[in-house]
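The following block contains the structure, expressed as structure tokens.
Naming follows writing order (A, B, C and D), and every chain is counted from residue 1.
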Amino acid sequence: MQEIVRSKLTPTPAEIINIIPETPDTKTFYFKPKAKLEKPKPGQFTEIYIPGVGEAPVSVSGIESDGVIIQTVRSIGTLTEYLFKLGRGDLIGLRGPYGKGWPMEKLKDKDVLIVGGGIGLAPLRPVIKEVERNRRDYGRLSILYGARNPSLLLYRYEFDEYRKIPNSELLLTVDRADETWTGNVGVVTQLIPKASVDPRNAVALVCGPEIMMRFTVKALEKQGFKGNQIYLSLERRMKCGVGLCGHCQVGPYFVCRNGPVFPYWMIKKYFWVDQI
Amino acid sequence: MFSGPLYSGGFSELKRLFQEIRDRNYRIVGPRLEDGVVRLGELQSFEEIPYGVSDVQRPGYYRIRVDGGRFRTPLDSPKQLLYPPELTIFRVTKDWKIEYPSYRFEKTALFGIKPCDLAAIKIMDRVQGELGDEYFLKMRENLLLVVENCVEPGENCFCATMGTGPAASTGFDIAYTRLDNSIILFQPGSDLGADILGELSLEPATPDQVGAFRRAILKAAERAKAGFRLENLPDILELNLESKVYREIAERCLGCANCNMVCPTCFCFDIIDEPELDGSSRRIRIWDGCHSYSYAQVAGGHFRKDLWARYRHSILHKFVYWLRQFGSFGCVGCGRCITWCPAGIDLREVISKIVEEVEERCRK
Amino acid sequence: MSGINGKIRLAVFKLTSCSGCQQQIIDLGELLLALLDRVEIAYFLEASSDAKPGPYDVALIEGSVSTPHEEKLVKNIRENSKIVVSVGSCATYGGIQALRNWMEFEEVKKTVYEKPEWVEALEKSRPISDFIKVDYAISGCPANKLQLLSTLKQILIGRRAYHREESLCQECKRKGNVCVVVAKGEPCLGPIIKEGCGALCPSYGRGCYGCFGPTIDPKPDALAKRFEDLGLSREEVASRIRNVTSWSEPIRRFLESYER
Amino acid sequence: MSGKDYFEIRVKQLARVEGEGGVWVKVKDGKIDYVEVNIFEPPRFFEAFLKGRSYLEAPDLTARICGICPLAYVMASSRAMEKILGIKVSDAANKLREMAFYGEWIESHVLHFAFLHTPDFLGKHSVFEIAKEHPQFLKDAIAARDWGNKVIEIIGGRPVHPVGFRVGGLHRIIKKRELEQLLGNYDEVKRIGRRLLEFILQLPIPEIRYDMVFMSLKGEKEYPILEGVVANNLGDEFPEDEFEERIIAEQKRYSNALHYRLRDGRPYITGPLARFNLNYELLSPEVRDVLEEFGFKPPLRNTYQSIIARAAETYHAILKIGRLIEEYREPSRAYEEAEVRAGEAVAIVEAPRGMLYHRYRIDDGGRILYADIVPPTAQNYAAMEEDILKVGDLILKKPREEAQRLVETTIRNYDPCISCSVHMIRLRIIEE
């Protein structure tokens, strides 16, 4: 008997309603889905699809009440390169949101230490927004953010806003300064001892290149952070987003389904193993 | 290993079973001799099943002999049928209409598959779960499973180690065992199976036959063993993530991913987006495997650039991770990855060596 | 999209080759007609005498560079084209004629021509990427017409063109072929050669001889060892592997060390 | 142009030949004095790198000489090796070879007469321009080629450089039902073959008559394709092994291809026109019926009519393939083998564009010691040059642009398979 097979991997069309250039190779897109998607939680991701081009997992960097999803994208692969050629009014497809996000419930009444590297700040932005919105639910907020050079810092237009959040700090650093830069120079891990959070009562949320996360974990442990106080958002090749295609495994975990955010203790065993 | 009542018959009863299933409008897929190998294919008649043909399966080696013997796992696993190598997911038109493909799902009987392949289907059931691939789930709904227990496992078989054979214990509709050329024992495994067997009005097996059955299966189990034990295996493998065995094997491994492709439980897939000239485009799902170079590659990075790391992942996935992901091993001991490895790499040896390495270390 | 009616201006060039890859374009048949709705063929001598000058949006180049004239020509094509695609194993790897690269060139010339001094050719037949930047490379002897079309379709919608370059074994297994190495003891280059042809040779019961070129991460050493186990002499192993795509980097490197 | 020794027109490209070449015409006292067909297809040195390779590789390697007619190379090299080893190919394998080879004739002929040559007679640049007035013609041409290609694909895996053939037969047994797929729309394919021939018969073809030497294989009972004796219209008939004694080869400074002539220095024509004239009676009666309906009688005495021979052979090939499929019985073995031994042999087959000659010597290990390959186009060079001399008056009387077109058309009469020997054609008329 002939039967139609409807794939669960079906995207929902969404309109690009705004684009904000961030850095030379990064833009922030505002997508308005044509049909209602589940509301993403901070740290979750969607699969952005363009017909005939492909799909790429991209973390959500902002969630608006009217269903608009904000995502910051670096042009690096086939899909993202193509996305950069699109403009307002163009349609793309979205699937998701997928994955486990940041442990927001575990942050309640805790100091929140955010450590971002480069584009890694994108999935952390919704956390900052959440802390800002419900400021009294959380302890001190410390945002440590670094990039290779000043032109690669995301959301610079919002930094003042971050600084104005009560009981918070924003520490920035760049690997290489230019003439405009008067702040810290060096890798982001150097900022960790400077962060004014109480390691005994804090949770660290980390996202950035894998190498940066390794150094960050070491630095955090040095400050007294324990494995259950550190959360990392991992990157892998999340093709299907729902744990079926197999590509995104790290150890026994599917990054798409069990992550992308993992408590450090959970992945510690694999985190330091070369090419696991 | 042993369950359910046994009934006695012979080849004519087996043939009647085939006929009975056919009369119930099942398409029958089973082992047949084609392209110089025993492989799964659609069977028009019982006579197509190459009883009397045996296969020699060794690492990287397969040959057929017409010697009145028995064949083992066919080239194809049920995956070929349930989880086709290439499948269109959907087509999207220029104006964003999504069109889904339609397929024919017929009542299908898998006739004479081996217990290891039955185990593989059960593993796939868990992997796919309710989240799973729609095509698989629809195919699965219509499946009748007739298993042939093994009394003569091949050289590459290690179902006994993996606990999937040589006899099936549950999850089938009907199982049969060819004790010798005249006596075949039948076993119902489901209500439907019992109903079908009922049509054959078989006699219960005699105590002698039951005894012979048990002896044959136990003897087969002795043969179908790998050189390692499952006990603590996941822990041992995880203790030895940096084993040099992986690097040694990568000297012989071709990275071709044949082992992934022939594995009855390997489920990984890649997605291809193909634009069409009329502005529409197609999404296609095709088999992929962790030995593929591009498998763990992302735009601007690679998580398993070296072949040894890809090889390690395949072992760890089957024997460590799978257990945590789906509650069982990802290997059923069918031996296909050993037979069809063009480099003749023997998975059993690889694992044994890694285990040895750890034991060695413990002794020191 | 600088062509008539916003079509892509396509040019097809031929260097040292058999014309078989251009043939693939004509062999598209009905699909070629559909393609012509989107593409203006500005230069394709085999199909049309109406040869228009550049610049071109896309240049497809068949054939290897094996004469001084071609060296100039390919540089000229590059200057005149936005996207350059090397089509087929001649353009991408140097082709079958690169088998002469392994021989003494003066001897080679003498073997074929009575007056070798009249023959104008470079000592080696080389891939065009040795001379110019190539945007996309399609291999195959000949290139697979559907892969070629797919590349054009991807270029047409403006995306980066991509094809899987995993082993031929994967395509072979997807097709349900029986492995000729395992079931017949027949040497097959499939494990180190990329998919794309449809696993044709094994479908016809014979070993792959490598016309699509090496995968992205081939292991020729391991394969050579396996061939030796199957009973081939080192000379035979080298000869098997030194075939249509012998001048591709990984195979060349392998042969150089294997024969040392 | 007075005051100069010569004037020169440079025709940069001659398109719609499968490659590139040039024509150089020297004019003296208002008459064409000298013609050079100038080939600049780079040399590929097949005969050199074949040395040392296994005899089994000859078909796959030599196929790569030409992407238009690879099967001709497969057939000639296989047959030569079989002669050396004394292998008798099964009837079934022979039939499959013929079917596929006829498929190649269709593919190559239709490519040539529809895509490359017809535009000349209708004053167009390409078949796509013709399609505006004659859409059915292009449709038919594509359908016929697709079908021809499909024949090769089923038997050999792919139309260009097929993989299914080997010395001794084929690599695998082709099932009858695989071939029968080709018969699904066979009646329509036959109609297409007929329509294409009728279309070609109605083209305005220049009437120029002169004497030519034709040479081709001659069939005994069947139109020649895989084998035959060599014959010409001078009454000579000789076995393929004597080819080299009857023919002389010379290397020209301006060309990478060797030029061939009869021993007495006369050029000869090989190809469809020659085959047609020497084997007319062996064409399928259906083909002859159409020709005769249009008033054509053999021999065709005009190289411009070679396009008719191609269309006729295309229709013939379609009919022949159908008959071969019907007669086909699956063999028990895909190929025959024999003990390897040293030896030497020659084989000539009829490539779409004429006689293709292969000669090999192998050692007792089956390694190729010596190879000599004479493609049809190389044999036709001398005739092409001669032809241009013959139409010289016409060329010189016409305006330059038309003159070029005429020269091009003349060259294209030979369907020069440039890849096996030549390249784009440039016309230079040099007046002294």
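Just so we're on the same page, a contact is a pair of C-beta atoms (placed from the backbone, for glycine too) under 8 Å apart; a residue touches a chain by one contact, two chains touch by 3 or more.
All values reported here derive from a predicted model rather than from experimental measurement.
Participant: Give the identifier of the chain nearest to the protein's overall CA centre, each chain being represented by its own CA mean.
Facilitator: If we average C-alpha coordinates per chain, C lands closest to the whole-structure average.
Participant: Using mean Cα positions as chain centres, tell me which chain lies farthest from chain B.
Facilitator: D
Participant: Which pair wins on C-beta contacts, C-D or A-C?
Facilitator: The greater number of contacts lies at C-D.
Participant: How many Å are there between the centre of chain C and the centre of chain D, using C-alpha atoms for each centre?
Facilitator: Inter-chain centre distance comes to 25 Å.
Participant: State, to the nearest whole Å, the distance from the C-alpha centre of chain A to the C-alpha centre of chain B.
Facilitator: 40
Participant: In angstrom, rounded to a whole number, how far apart do the mean CA points of chain B and chain C lie?
Facilitator: Using C-alpha averages as centres, the distance is 37 Å.
Participant: Where in chain C do residues touch at least two different other chains?
Facilitator: Residues 153-154, 157, 159, 205.
Participant: Give the residues of chain B that touch two or more other chains, as numbers and ranges in rising order.
Facilitator: Where chain B meets two or more other chains at a single residue, that happens at 270, 274-276, 288.
Participant: Give the residues of chain D touching no fewer than two other chains, as numbers and ranges.
Facilitator: none
Participant: Using the touch rule from the top of the page, what pairs of chains touch, sorted by label?
Facilitator: A-B, A-C, B-C, C-D
Participant: Going by the contact rule at the top, pick out the chain A residues touching chain C in the complex.
Facilitator: 52-54, 78, 81-82, 85
Participant: Hey, which residues of chain C end up touching chain A in the complex?
Facilitator: Against chain A, chain C makes touches at 153-154, 157-160, 162.
Participant: Which residues of chain B touch chain A in their complex?
Facilitator: Residue list for chain B touching chain A: 89-90, 92, 96, 98, 100-106, 128, 131-135, 138, 238, 241-242, 267-271, 273-276, 280-281, 283, 288, 290, 295-301, 303-306, 309, 312-313, 316-317, 320-321, 323-325.
Participant: Spell out the part of chain C that touches chain D in their complex, as residue ranges.
Facilitator: Against chain D, chain C makes touches at 14-24, 26-27, 29-30, 32-33, 36, 45-51, 66-67, 69-70, 95-97, 99-100, 102-103, 107-109, 111-115, 118-121, 125, 141-142, 197-198, 200-201, 203-206, 209, 211, 239, 244.
Participant: Along chain A, where are the residues that touch chain B in the complex?
Facilitator: 1-10, 13, 51-56, 76-78, 80, 91, 93, 235-237, 239-240, 242-247, 249, 251-252, 254, 269, 273-276
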